[in-house]
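Chain lettering (A, B and C) follows the sequence in which the chains are written, and residue indices restart at 1 in each chain.
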Amino acid sequence: MLQATSRATAANAVEPSGPRPRSVTAGRVGLYVFLAFAALFFLLPMYVMIVTSLKTMGEIRIGNIFSLPTEATIEPWIQAWNSACTGLNCGGIKVGFWNSVRILIPSVILSIFIGALTGYALSLWRVRGANLLFAVLLLGAFLPYQVFIYPLVRIYSTIGIYGTMTGIVVTHIIFGLPLMTLLFRNYYASLPIELFKAARVDGGGFFQIFFRLMLPMSTPIVIVACILQVTGIWNDFLFGVIFAGRENLPMTVQLNNIVNSTQGEKLYNVNMAATILTALVPLVVYFISGRWFVRGIAAGAVKG
Amino acid sequence: MATVSIRDLEIEFGNLKVLRNLDLEIEQGEFIVLLGPSGCGKSTLLNAVAGLLDVSAGQIWIGGKNVTWEEPKDRGIGMVFQSYALYPRMTVTGNLSFGLQMAKTPKAEIEKRVARAAEILQIQPLLNRRPAELSGGQRQRVAIGRALVRDVDVFLFDEPLSNLDAKLRTELRVELKRLHQGLGSTMIYVTHDQIEALTLADRIAVMNGGVIQQLASPKEIYRRPLNRFVAGFVGSPSMNFIDGTLAIEEGRAAFALKDGTRIDLTGYEFDARPEHGRPATLGIRPEQIDLEKREAESSTLPVNLTLMEPMGADSLVWGDVAGTQFSVRIDGDAHVDTPSSVDAWFQPAQASVFDLATGARL
Amino acid sequence: MKPRRRKNVASYVALIPAFIIVVFAYLGTMLWTVQISFTDSKLLPSMNFIGIRQYERLFATSRWIISLENMVIFGIGLILVCLVLGFLMAAALDQKIRFENTFRTIFLYPYAMSFIVTGLAWQWILNPTLGVQQYVRNLGWTNFQFDWIVQNDRAIYVVIIAGVWQASGLVMALMLSGLRGIDQELWKAAQIDGIPAWRVYLNIVVPMMRPTIITSVVLLSLAVVRVYDLVIALTGGGPGISSEVPAKFILDYLFGRSNIGLATAASSVLLVIVLVIITPWLYYEYFRPERAKGGK
């Protein structure tokens, strides 16, 4: 819509016919220049991370952060994965990676399942106090986590799950519930209600309808939920650092400990390799899911 | 007032040729309706006239001027859309005057034109409302007003009534006709609704597959459809089609049904000399069939009647002719026995005969 | 009547997890937090109520004041830049350009990554001795200065840059879907009226996008109030305490400094701030009169 046209100006030039002659206009050029600069801004940090992770420390000290490595080495990657140090522990970022995986799998499955169940009950069944429950749930999605944290720590300590795998998984379920419920509630509410009514008439009970009819129909929204939860939980730092305990620190926490540790010489190449490794899982999800990711964002943008 | 002429127009989207070699001459003050099924290229043609999309080849002339390369705003046209396309956050006045403001029209002139349009369309009480606060019919009036204030000679309508309910549609249809009479401007009107086309048009261009199938007055389109598509698309309930072959015996034309029955076609005006044995389709409108009395030029048609469907003023009787589904329109008060086999009569002069293979009128 | 009752029992059973979470993990903890903030609790919660003394102390703590100021600066900067950049990118992508998908993918990928990764990447790029500053100096401009990350009064702006890098893609995606939702016939009508594209954007499109803009602002505001990891990874709150933010202040006082009275008072202040932000929005989204919703 921004393009303008230029016309043959000479009098009695060709009789206009067929497509308008177009010349490259300033607006169009400006558009692509803007897009190119924007793309540069978003790509540059990733480029810098990648080239840095392939350089030797000697080359990094020269200070040409944007230059390509003169002799690329994957040594920093191996070191980052296998032997990067947090304080005195030198097990590499792989420790955090496997911790994150172990946290991720139960958290994603359970939070989606509970969210689906709650969304189903709230959207298709008449439950007294449903609106109130949902309102408070929504509120929970918006309030700063700092409000909940200390009492949760106390509760966890009392029941003995503070600093354990159970503790961190429960935390992800708790704070994933609002978004998951919202997602499934809106999804089930958008399905034709006749379907549900027919199942009721056929004598289906609450759980029968859920497991036999609703869950099998939920594939699209489960994909969206998976994208949101996998990236969200993988990227979590706050809950990991507080609730997971020393043995289960997720990858983000371990990464920060490695990079921002004050001991020893800073190995920027190893740090960048570790950083990219940490970003890898959500990036793979992002590139594979494509438009679904955007759909997830739109759904997560909390529209009523 | 302005003529519109479309010459050898071709439009393609990527590899898809939507219109090809399309010619259309519209006289000044004429109300032309582009009628056709959805997806046949009506909107594309209208958008090309408006300058909203680039033509691949050909020319468009408006008011004696070649506007093929002109911007939409410089073509002297106003356009009304199916979705109304009102500017949502502006009042009705804002909607009417925004374009004029952009064109740096003097304030007094803007006010004058807005007032005039509001009067013609009787939307004065709505001037300070926003589109969201208007009903569908009111919105479409405002959209028409937005075209009106542009003080142009050619109006383009793209299915303007399709989003309205049946009653409003009828009302606004009459108003549009009145508007055309009052303004005398050239109007090009796109619709897939044949009733709108038949009631509004001076001439109808029936389109299918990006090609104008027939361009003629509503009467002519209805009476003498040029091909089977036009015949089937115009008229409701639809024309009956019976397949068979032409039989020329002793200089008299007849139509032979599959079961051998001969139907006399004396009185039908063939476009060209009919050939004996040519596979053809006989088309008769349900209202052209009489179950009761035989007139002088009528021919006989044996019909099996199976079902009667009362529709108020008249009734539709369903049945078959030699195994092909068939319908007859009769007076609402009349009664026929179903099921029954009777002789029906029609006047060959009113019927249509098409080539079975090409669908062209014979 | 009987079967219906039984079915309803099942639906209540299904809501037990949600109920427990809402009552204990949300409401209970929230009330508990607020309650502690009125006591003189230090390392452990006490029941010794001291009124609003913790709040007085809190607002007399310069570190808290700096945190709040930083949150405001970060918030205004992040929201303004993200809105403008996000809208421009979305509008540019909506011009039937080539490689639209590629550009969209590039603009949005940072949003998939964690704040820790974002923070560490920018920390390295802005490293005063080996990063951009040194690079430009190596090119010959030996006096070039870009060391905001170690400047007391600039560090928070670095956080804005990194935040914009991470989050403007989100705004772009929201705005783009808003733009795509606009009736194409509206553009045609504007073209017939001869309205220049920029006027259409300014006078017609932007007002129509109000709900999208509001959603973006709310989402970004929540990110602003919560900002923690980004600061931890990027500046660690430094230099000194110059880029502290409230979320970090609270966690430091909860766990590092064991002053839970002060920390919970700060949490309660955040709570109030968020309620002030979202209550009007929730009202607008869920409870506004039907009339205003019409016309879509």
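We adopt the following convention: a residue touches a chain if its C-beta (ideal position, glycine included) is under 8 Å from a C-beta of that chain, and two chains touch if they have at least 3 such contacts.
Because the structure is a prediction, the values reported are computed rather than measured.
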Chains touching both chain B and chain C, listed by label: A
Of A-C and A-B, whichever chain pair has more C-beta contact pairs: A-C
Gap in Å, rounded to a whole number, between the CA centres of chain C and chain B: 56
Where chain A and chain C are represented by their mean Cα positions, the distance between them in whole Å: 15
Geometric centre distance via CA averages, chain B-chain A, whole Å: 54
Touching two or more other chains - residue numbers and ranges from chain A: none
Shared interface positions of chain B, touching two or more other chains: 71
Overlap residues in chain C, where contacts from two or more other chains coincide: 191
Residue ranges of chain A touching chain C (in the complex, touch as defined): 1-2, 31-32, 34-35, 38-39, 41-46, 48-49, 52, 60-66, 114, 117-118, 120-122, 125-127, 133, 136-140, 142-152, 154-155, 173-174, 177, 181, 205-207, 210, 231, 234-238, 242, 252, 255-256, 259-260, 268, 271-272, 275, 278-279, 282-283, 285-287, 290, 293-294, 297-298, 301-304
Chain B-touching residues of chain C, taken from the complex the two chains share: 183, 185-186, 188-196, 199, 203-204, 207-208, 291-292, 294-295
In the complex with chain A, residue positions of chain B that touch it: 54-59, 66-69, 71
Footprint of chain C on chain B - complex, ascending: 47, 50-52, 71-74, 77-79, 81-83, 85-90, 98-99, 102-103, 130-133, 143, 146-147, 150, 158
Chain B contact footprint on chain A (complex, rising order): 5, 7, 15-21
